[in-house]
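Have a look at this one.
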């Protein structure tokens, strides 16, 4: 970008944008045209500071400029593509790549040089994602950020760390703040979750030293847990040694700005190996998981097949599970749940997002638990049911491969039987999409 | 890459390549087509191991395949470019980027997931660079590796570490091995270079934990050093406290595989700041630098202007500097050196590579030192001369900017005077390119 | 101690003691007579476990045995002393030392070998101290523990560590638990005390890795604070940079079992040096301190000189300071306070323990602050007054020396004037002891 | 110590001592009489510096003063002892202890407060020990230093650290310098001893952070090594994985100033446990040890029983083992060695110091190795023989206890048979002391 562009932009070239954004865009152009390294680090630092000073409206204007002015020129692309077609040599390829790569990418790479640059770009993507639906044109920015962040957050750069009561308070308070599955009620609750019968692990990245990227909470138990409330009870006694089961009861992605970059399966696998090393006698690694899409699916099914599912009307009553005569539901719901997990699809994968995640990792659907989560949200989301997915270390790869090749779901005979006994399993809807 | 390609390649599609390379290519294709993360980490690991098992010939064959089969298809590029030209939308841009990016880049990103992946790719580029001249077609591979390594070795990821006698022997022995300017003669020599009147700093990268990327050696002195031998003398006494000068006497890039990614200017700047913090009374940061191109240039000039430079014939004699009557040379050579540094050009930059580096960083040419390096190589490369470049912290940015905008060289009045007094400064070649 | 003693003790030699104590004493005797090191480490470990299993009554019985049976034999002492007097040679001295040293010391040294031994002995002394008044005979145990702990907690072994929000939660929760001057109200309060305008430092000992020995809280302010409430206010804004004053507002000894071993003066001095390094522009290091003995002394004085001090009757009313017409007290109390600090004595040192501590460290009495602490306890202990002691780094040693040689108190002219104006300063008690 | 003593000493009280020592003694007295902590830390620092400035003669004079003037007064001891005999109360005991403890101990405790104090006292004892034979009166100083160092180097304060090629060069060069059993020939030799088939561990103390206290070198082998030369060969190949044997082939106490404080048995035990954790399949922990006293004992025996041991005359010839016809010696010497180890005594313990150490630790004498050490010193000390002591973890405590109670030596049947077959085993000296 030549000096003339630089000056035009600096002095009013972008009429509509207010001072802050205009100044920032000038900094970005200067940064892109700078060949010296001190200067560019200094400019990157200044540009980040300017970005952080923008309000919501300023950021929107910036994104507009980034989407509009930093994409490759269609004419230049056409020329480079033709040249490459005519003679696909290293030189024409190099020129093609250079022409096609949006200037945004180089801009973001240079911003990343400033102290705190990576964190700022993660944060920028967080803001961007929030507004992407309303501004589909900004998807070009997202694509560039995603491309770079995926490279910088390559698994090779992540390190697994155990979190316990010896961990820095700075990190611990972030667990409290980020926990997305079963909210942590302050420091006492957190402390209970880090006692001797619990484990917590997180991935960290060298550029975000005090920020967990993703973390998982594990309870060491004797036999596989069916209910979440005892695990979350602050007053529960610390159980004695010799666990045979590791229950993964919560896993949280902390950085919204890294959405779409998957860390979970790697985390579970490394944590399982770590635990196996510490407790060679662990026989089972299992989750105690919500079924977030169950209630919505039940409602839909009920409207489709009102007669067969009439009993589900009871779910509308508050605290229905505390009442009497719940036997019918206790028989019906687990079967519907098993059927839902095995047969309700989105494309050729399970409709349920948690099922997609664990089954895609190579876990097996092991058990459906009645009143697994009787909290308000547990009742609302999944009629109080929870499921266990089991990670058999020896079968992970096989399950994983069968899932990705054939979309085959590994499930225990018990769960398969439940699904077969489900009222919906019978005709008329034989094989129909759920 | 579809399954058919995969199978074709697996079963003999590349007739000419021997078993090892064929197997490795099959692994690479599998890695590119794998969507699950365990599997891809495992494949990446396996592919790296296969790569490390290849001999020279195998690597050449691999590079052939990488250059030939992993570049974008010209037809597809043409289609995507046309679509983008017709309608430059986020979707057409995304498709264009995807089509244009060589599959090699994704392959390298995935190899980087394996433990030791980054180190292996740096090493792969080292081997590639060595053979690039003979195989110009491989430049497409180099471009992709360079693109990724530049992103991963972004300055934001580097950390400065002091090296001293407390440092791990594993790292210290690498200094001995890598030192490129003034060879380190074993552990005693190294120890002397880490005494209380010396400093050594290196950049490290989280993915190469025991590998210095670049390191610099500094002597803390009273007044600016003119001669290198006293600094390199193992038996020299450790000088007392209160230095006023930091002499940068050696700077070595350790990783051939990162050639072209510049770390030196950032290192010098950070080290100068670090030293300023430790020794607030330091008045000067200067180098004691070789002039590697001087002798060759003198020879060339002598053949062009044999009469004026007749005295240089003496340089052909071994140990000429130990003889008598060197006054004439002692008068002539520093002037020629000053002239060389200020006026001999490659394009519009100095011909001398060390001058390009320091002047480009914003340093100033301060002094020419007679018999600055009387070692064999010092005599051979630069007739025993050395120069001091000075880093005035307050003027770095200005010098740097003037250098990059106008190719102006900051030099002391003393050096400018020497250049003016040079025999070549007179007509006939007034201002002619040197 | 021979095997016979061992067996006698093991099988009922100490009729009165219950099983646990008897077993423990047997272990102690075995430990003392053991010459092999594995065995003694194992025995030490077992003995500590047995000790930790004792209840209150068991510990009392143990202390009885330790006081009675592990002191040197008077006869043997007599013999060794005579031998030494007759011939004061290395051998007679060695024998004398051996005879005189209570077996308890060797026992404690051996217990200290077990993992956690040091912590257990510190804890044992804590229990012992609590019961010392009621059991004066146990002072012999205390003397031995003190002798050893003083040696093991030699300042050379302590390391200063900064405490901030990056510190381990394990350590931070101990600050909440131990803080003795201004109680910390949970994690939010703690967090406020570790913000950017605060500093906290502690001494740690290698044998008690997660246990602060003593810690100090510092507020960085502009000008010297006169009131404690603003410093303790969780909602107070974090003040901007460029402090000129470091206010030591709380210092807490954490380990009751180390009572009598002084760490405070060293801590204050090291912290002042540390802060001076971080903030070269700090002009003043001062405390904001309570005057814990003031109210009690005022009450005593009032009963001695009821007429002159009649106005003090008002202090009996709750919330007197919230009422009107406090001018008389506002004039009288600071003068009495200054008089108290300068003239009320215990022996030849100040009666007030906080004054003894700071003045003995070399600080100077700088200012008396009206309503420095208007909390309930502040009103109750010192009628709402607080004082500033100033640590002038350049005068510490001189003040310190004058204090210890002449018991001279360094005070500002302002405080000295207040004391002279005090109603008690006049005859009849001119110079009499307060 | 009152001020008058102080002044007397300062101004010439010790006529004979030169300026440096006189000044130091004045500092020591001031240090002992100082009650403030800053002052005493400053004095301790100054006194240490003065001590370090003394030459050999100055130190001797200092030791004279320390031995003469800092022992308890015989009269005061007599009085305190009588008072304690008359009434053995806490107070009389406290006074007795105070009177009896040499002022040296408090002096050393106070010197220990200075930075580097512990190291300086360890060094002081090293110098003292060297001159103790010539100056028996200094034993009182040694007793006090030993008393304190034993307490400060209590095993509870030691931490085990693995030493490898990642360790600081500062520590590694000390291994080269200290190694006392099989000298390390520079950095390459050291590197070989830290390769993947070797382990090295050391104890460190928090007050001597860069100083190993004791270290051990281990070779991981398949089957028990009989010869030391292959283990010491720099060029030997690094052996593949899956060792079944850990050979302790060198153990060195580094700090002469800690002589008499035993660390070795604890080190061996902890290292064995550490190795067992890393290599669960290790079947045997054994030493390959010299028999330092063998040759001397053989010479003595030969002079006692010249006829039976006539064959030993051959040992006088240089390189006898390289000659022919060594069968007779090859039969005779191992038997004599076994006899020596089992029956030659010093008191009721083995005469051989290495045997005393390992057998006292609970090891068992396993095997005698012909030409175990064919180096010059190996031939000179023990006629080329070496022995293996085995540490069976499960039998350590039993062996240890039997050794200490009955002085019973655990030996393999094979070694016992060798001893029975020894020419000296027959009458006339049946069972007589060797």
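Note that the chains take the letters A, B, C and D in the order they are written out, and that residue 1 is the start of every chain.
Just so it is clear, a residue touches a chain if its C-beta (ideal position, glycine included) is under 8 Å from a C-beta of that chain, and two chains touch if they have at least 3 such contacts.
Because the structure is predicted, anything quoted here is derived from the model rather than measured.
J.: Can you give the rotation angle that fits subunit A onto its twin subunit D by Cα atoms, in degrees and rounded to the nearest 5?
T.: 180
J.: Can you check how far apart subunit B and subunit C are, centre to centre, with Cα atoms defining each centre and the answer in Å?
T.: Centre-to-centre distance between subunit B and subunit C: 60 Å.
J.: State, to the nearest whole Å, the distance from the C-alpha centre of subunit A to the C-alpha centre of subunit C.
T.: Here the centre of subunit C sits 52 Å away from the centre of subunit A.
J.: Distance-wise, how many Å sit between the C-alpha centres of subunit C and subunit D, to the nearest whole number?
T.: Whole-Å distance between the two chain centres: 40.
J.: Multi-chain contacts in subunit B: which residues touch at least two other chains?
T.: none
J.: Would you mind giving me the full set of chain pairs in touch?
T.: A-B, A-C, B-D, C-D
J.: With touch defined as at the start, can you tell me which subunit A residues reach subunit B in the complex?
T.: 35-39, 41-42, 71-72, 74-75, 77-78, 80-82, 84-85, 88, 90, 93-94, 96-97, 100-102, 109, 112-115, 117-118, 136-137, 139-140, 143, 147-148, 150-152, 154-157, 206-207, 262, 265-266, 269, 360-362, 396-397, 400-401, 403-404
J.: For subunit A, which residues count as touching subunit C in their complex?
T.: These residues of subunit A touch subunit C: 165-170, 172, 186-187, 191, 210.
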